[in-house]
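So, here come the structures, one by one.
First chain A sits with chain B, and in the next complex the same chain sits with chain C.
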Partner chain A sequence: MSASFVEFHDLRKSFGAVEVLHGIELAVQQHAFVVLVGPSGCGKSTLLRMIAGLESITSGFISIGGRVVNRIPAKDRGIAMVFQSYALYPHMTVRENLAFSLEMAKIKKDVMKARIERAAGILHLEPLLERFPAQLSGGQRQRVAMGRALVREPELFLFDEPLSNLDAKLRVEMRVEIKALHQRLESTTIYVTHDQVEAMTMADLVVVMNDGRIEQSGPPLDLYDNPATMFVAGFLGSPAMNLIKGTVATDGSAPVLDVGDGLQLPLPAGIREKPGAEIVYGLRPEHVSIGPPGSGLPATITLVEAAGWETHLYADMGQHVARIVSAERLNVAHGDHVSLVPDVSCAHLFDATTGARLSID
Partner chain B sequence: MSTTRHDLDVLTAGERASEFVKLLAPYILVIPGLAFVLGVLGYAVVGGVGLSLNETDMFLNQTFVGLKNYVSIFEDPRFQSSLWKTIVFVVSSIALGIVMSMVFALTLYHVGFGRRFFRGLSLVPYFVSGIAAAVMFRFIFTTSGGFVNYILESFGLPAPSWLGDPILAFIVAVLANCWFMVPFATLILLGGLQTIDRDIYEAAKLDGATGLKTFFRITLPLIKPMMGVSLIWVSYISFSTFDIILALTAGGPLRATELISVYMYEIAFLQLDFGQGSVLMVVLLTFNTVLSLVYLKFFVLNDRRYKTAT
Partner chain C sequence: MRERGGLIDGLHYRLGRSVLIGVPLAILVIWTTIPIVWAVLASFKDPLEIYESNTLLPANPSLDAYKTVLSMRGFDQWLFNSVFVTVVATIVPLAISILAAYGFSRYAFRFRHILLLLYLVPRIIPRVSLIVPLNNLMSDLGLVNTYWVLFITYTASAIPLATWILVGFFGSIPKEIEESATIDGANMWNRLRRVILPIAWPGVVTAGVLCIREAWNEFAFVLALINETDMRTLPYQLYMLKDSMGVQDYAVYNAFTILTVLPLLIVYLLLERRVVDSIVSGAVK
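Moving on, here comes the complex of A and B:
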């Protein structure tokens, strides 16, 4: 693996007196596909715009390819950006849109032509070159926006929620296309989204952001399997992880979690917390199953979503709502009384106050 | 209960009538406005053209004379001279007016503090009547005691007779005209600027476009339709301006600012020759219409964004 290509060091951003990014530290390897993901207002787009040079850097630094870019103008940073709105020039044809940055850089005509043809070939834009953006569909505009980034032959691609304006089917198609393009070109990419499915499916490295901080970064499945905080646990995965607050207790020799209403969840044997400690018990919906009557926790089904490839169930369990995902087509209906069996070996435990992950022996 | 499937499928006569009214509503609502505009404008235009083909005496008796009024007007050296002055006046007003409007619109677009205040303030000249504007300009440019000459003199510079010199008076007239018409043109252009997605500017910045390049390659083409509407406005106002000139110079000195509109007033209302006065109205109307069509064609209809399938 080569040295890190993009680095953020103690990066801060303030708008007036309000600090929105609080000391971001991150290293991105060359050729990596990094996804910044988080809820609205977490600072991910601001971070991307700071890399692009569209926002100033309050303190700290960003380096790209070993060069600190804080004071380098946007056009000289060797980056290209795809905007959520596509930001195509509406009065120019697709060809003129692609050519604009090359004209500004005073690239020779023959080189320009070759680059446009290459980008158009990669993105299947040849039949669209003489059209205006208004004559294109959403997906086509998206590809033109990518083409405009591609012709600049940047060292770093930036994507700002590029799929948000597309319908669900097209979004999946473009997701695959962007990922395939990255595998082919191997260009370092930083991609911002609020969609955790995009983050999970596209990234080599997922960076989960919350409230101007990085909550956790790592390969997608690492984050899914070992979320470092309750926020990451709840943010990644759909339906979201079950997070149930309770008090550690013992049932004979085995540790249990008292969640009220006389309900007790079995805890892993290696738990370090003493009885009386407040913790949050996290369990992914696919790690809850419906057992034979009386075998687990009593619950009442409130909603059944038959997606086809899997079934999502919602059940009232005392004062808590349990989410269950089953790969099978379960024969249950609204109002059914069922017995829920948690897979304790898959449980995640979090500190109820800090939200930090608790280790288990 | 005897509701059958058939009953639910078919609209009743009442429902059909209400659907029909819904369809017609937009047209019905437009009729009063359209009738008013056509009535007022149409009557004036048709009446004016009628007058231009007749000789009307002081008792308003009309005699049809065909194109006689046109021939005598076009042969009139005073008309020819006022036509040239009008063309120079309009061209310089458009050039100066559009540049000023663009500069003001860009300034108002970018101004960060007191945005609403400045935008409101910039419209004030438009609400001042032409006569009042002209009186104000007379005060500013009066030879002795005028503001401009006071400034010039305090720097030890010569104080010219602004409204007494034919060329200077013409320049002052153009300035006063611009002062009056620029605010509205600014408003139109500002509206145009605000329709441009800010992402497009950011994309242009990343693409390496400088400020001037961005203006000429992105901003200007994107506000082309509004530019067309502004041009229609400034040329219309400049061709038709009358009150400002009358109150500022009354066409003088030495007829230096006698534009067609001023000459028309003289012929129609001082010499009471309604026939020849109407000819001048037709001339102004023709200029305004042709120019407006040209602007519409090249600025509004030719907008590349709205081109349909190639």
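Moving on, here comes the complex of A and C:
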């Protein structure tokens, strides 16, 4: 087999007659931090649980470290998993929670003690070791759940939305901590989230899933800059990419997109689509700017969000809503009439029916 | 002003609440304990005092009635029978019910719901209607007047009760906790013993207490299926006292009642502590 550490080949999963994963193909390199991201119900947890051995494999195979694990029980797959609900043993102290897997594996007492101490040290759990889960805060429970994974010294860490029960501030802190831990342990991690910010910030490899399929996988910025489908384009980035549907037309010799209300967006010169084709024009909010009056598309500001480090604007442009992000503190207010200037060189074009990216000469 | 108003309102509220909760509670407590108190007091009276006076308190409290009961020929045997049958008819149904409830709560097998309903049938049918067929069956098997007949009938009637209670408790344990244990390397036996049972411990104790109560108090089956003096249980003998004594000695009768109820009461008190403790210590989230 090849050098990749985890591989999925034509992996399918059905619950009864319903197929929820439709032929997943993916290769994960050793030491990579992979984030599976997608909307709720797209099959992320199911995929993760199949890797863990908690869910049977309907067809296809999964291999970990060059070994097909389809028939290998969860405990022998060299994995550890952190659940969204933490799933701590409520009747055991933190120490007992950490010790449980080692006891089951009949690890010697002194080795066990050393491993627990090491995990507790890394995660700052020492003062909590004698407490019960009910006596811990959400963030502390999260740490214990990670500690319980850590003591097993797994080759592969699996996380299922581990931060979604934490408040925003703690979420950012734990995000950093999990990534730092990954780098320190040089382990391989597969991390599930529905939060595209987590995906973008944590991943070496982002895998965008939709409806039981992989839409696209790659390094975060590759996906951000070159989304293969309209779904990926709209899913990654916040505020989301502007996606405007229209009909290809010409203005003199230059190609334009007729988006209704007499509005025309300039199209890249290299477009292959013939006039009359229906396409979707995608432009990131940071690639729209406000120009001098009359220089671009007329729009009316409806909402201004001054985040501090950047400003988010929402504007009505005919029947469309345009999202604009500016690194500057703009002096505009609700109701202002502005002129929007798109940066055509940054436009993404998609087929209106299939959602596939259209190439430009 | 507003603060004082608030304070007084608060007082009124708290007073109103304690009346609302306290009065019905007091009535309930009196209602349930009066017969027991009456029986306890009567057991300390002289044999004829109950007929002669209407006072609640005994004139010359004495333990004579208890001495009589304890020195009855056969009392040791009846006590042993009760304890023995209760112990077996608690441990066996609990063990079976734990496994059954685990299956019912964790595996989505076919006909699961129908089976769980069928499980209740023995408890829906009136016990008395079972007596004749059971008697025929048991005498054909040669089991009448043996412990077996009590083990079998008590176990059979306790299992549905215990299983239903445990299915509820097991079912409320999040699936992920058990999945964690699976990944941690625990096989089914270890998951049950180390994870499920400790978490569901209050449920196990509850089911156990109900099994004990059922077996200890059971009357219809023992009456129908046992007819040797040596094989009687305490409730059966209590019933027989009525016939065997010419003039009813109410003091003895009540002393026997108290001695029959006492072990159960002690079990209740001991185990209730355990249940409450395990809930209070935050073992169950």
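As a working rule, the second predicted complex is superposed on the first by the 359 of 361 C-alpha atoms of A that agree within 3 Å, B and C clash if a C-alpha of one lies under 4 Å from a C-alpha of the other, contacts with A are read in each partner's own complex, and residues count from 1 in each chain.
Convention: a residue touches a chain if its C-beta (ideal position, glycine included) is under 8 Å from a C-beta of that chain, and two chains touch if they have at least 3 such contacts.
Quantities reported herein were computed from a predicted structural model and do not represent experimental measurements.
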Fit-or-clash call for chain B and chain C when the two complexes are aligned on chain A: clash
Partner chain in contact with A:90 - chain B first, chain C second, else both or neither: both
Partner chain(s) touched by A:130 [first = chain B, second = chain C, both, neither]: first
First (chain B), second (chain C), both or neither touched by A:104: both
Which of chain B and chain C A:285 touches, first, second, both or neither: neither
Partner chain in contact with A:80 - chain B first, chain C second, else both or neither: both
Touched partner set for A:52, first chain B, second chain C, both or neither: both
Partner chain(s) touched by A:246 [first = chain B, second = chain C, both, neither]: neither
Overlapping contact positions on chain A, where the chain C interface meets the chain B interface: 52-54, 74-75, 79-81, 83-85, 87-91, 100-101, 104-105, 132-135, 148, 152
Residue numbers on chain A that touch chain C, as the complex places them: 52-54, 74-75, 79-81, 83-85, 87-91, 100-101, 104-105, 132-135, 148, 152
Residue numbers on chain B that touch chain A, as the complex places them: 197, 199-200, 202-209, 213, 217-218, 221-222, 224, 303-310
In the complex with chain A, residue positions of chain C that touch it: 174, 176-177, 179-186, 190, 194-195, 198-199, 201, 281-285
Complex contacts: residues of chain A adjacent to chain B: 52-54, 74-75, 79-81, 83-85, 87-92, 100-101, 104-105, 130-135, 148, 152
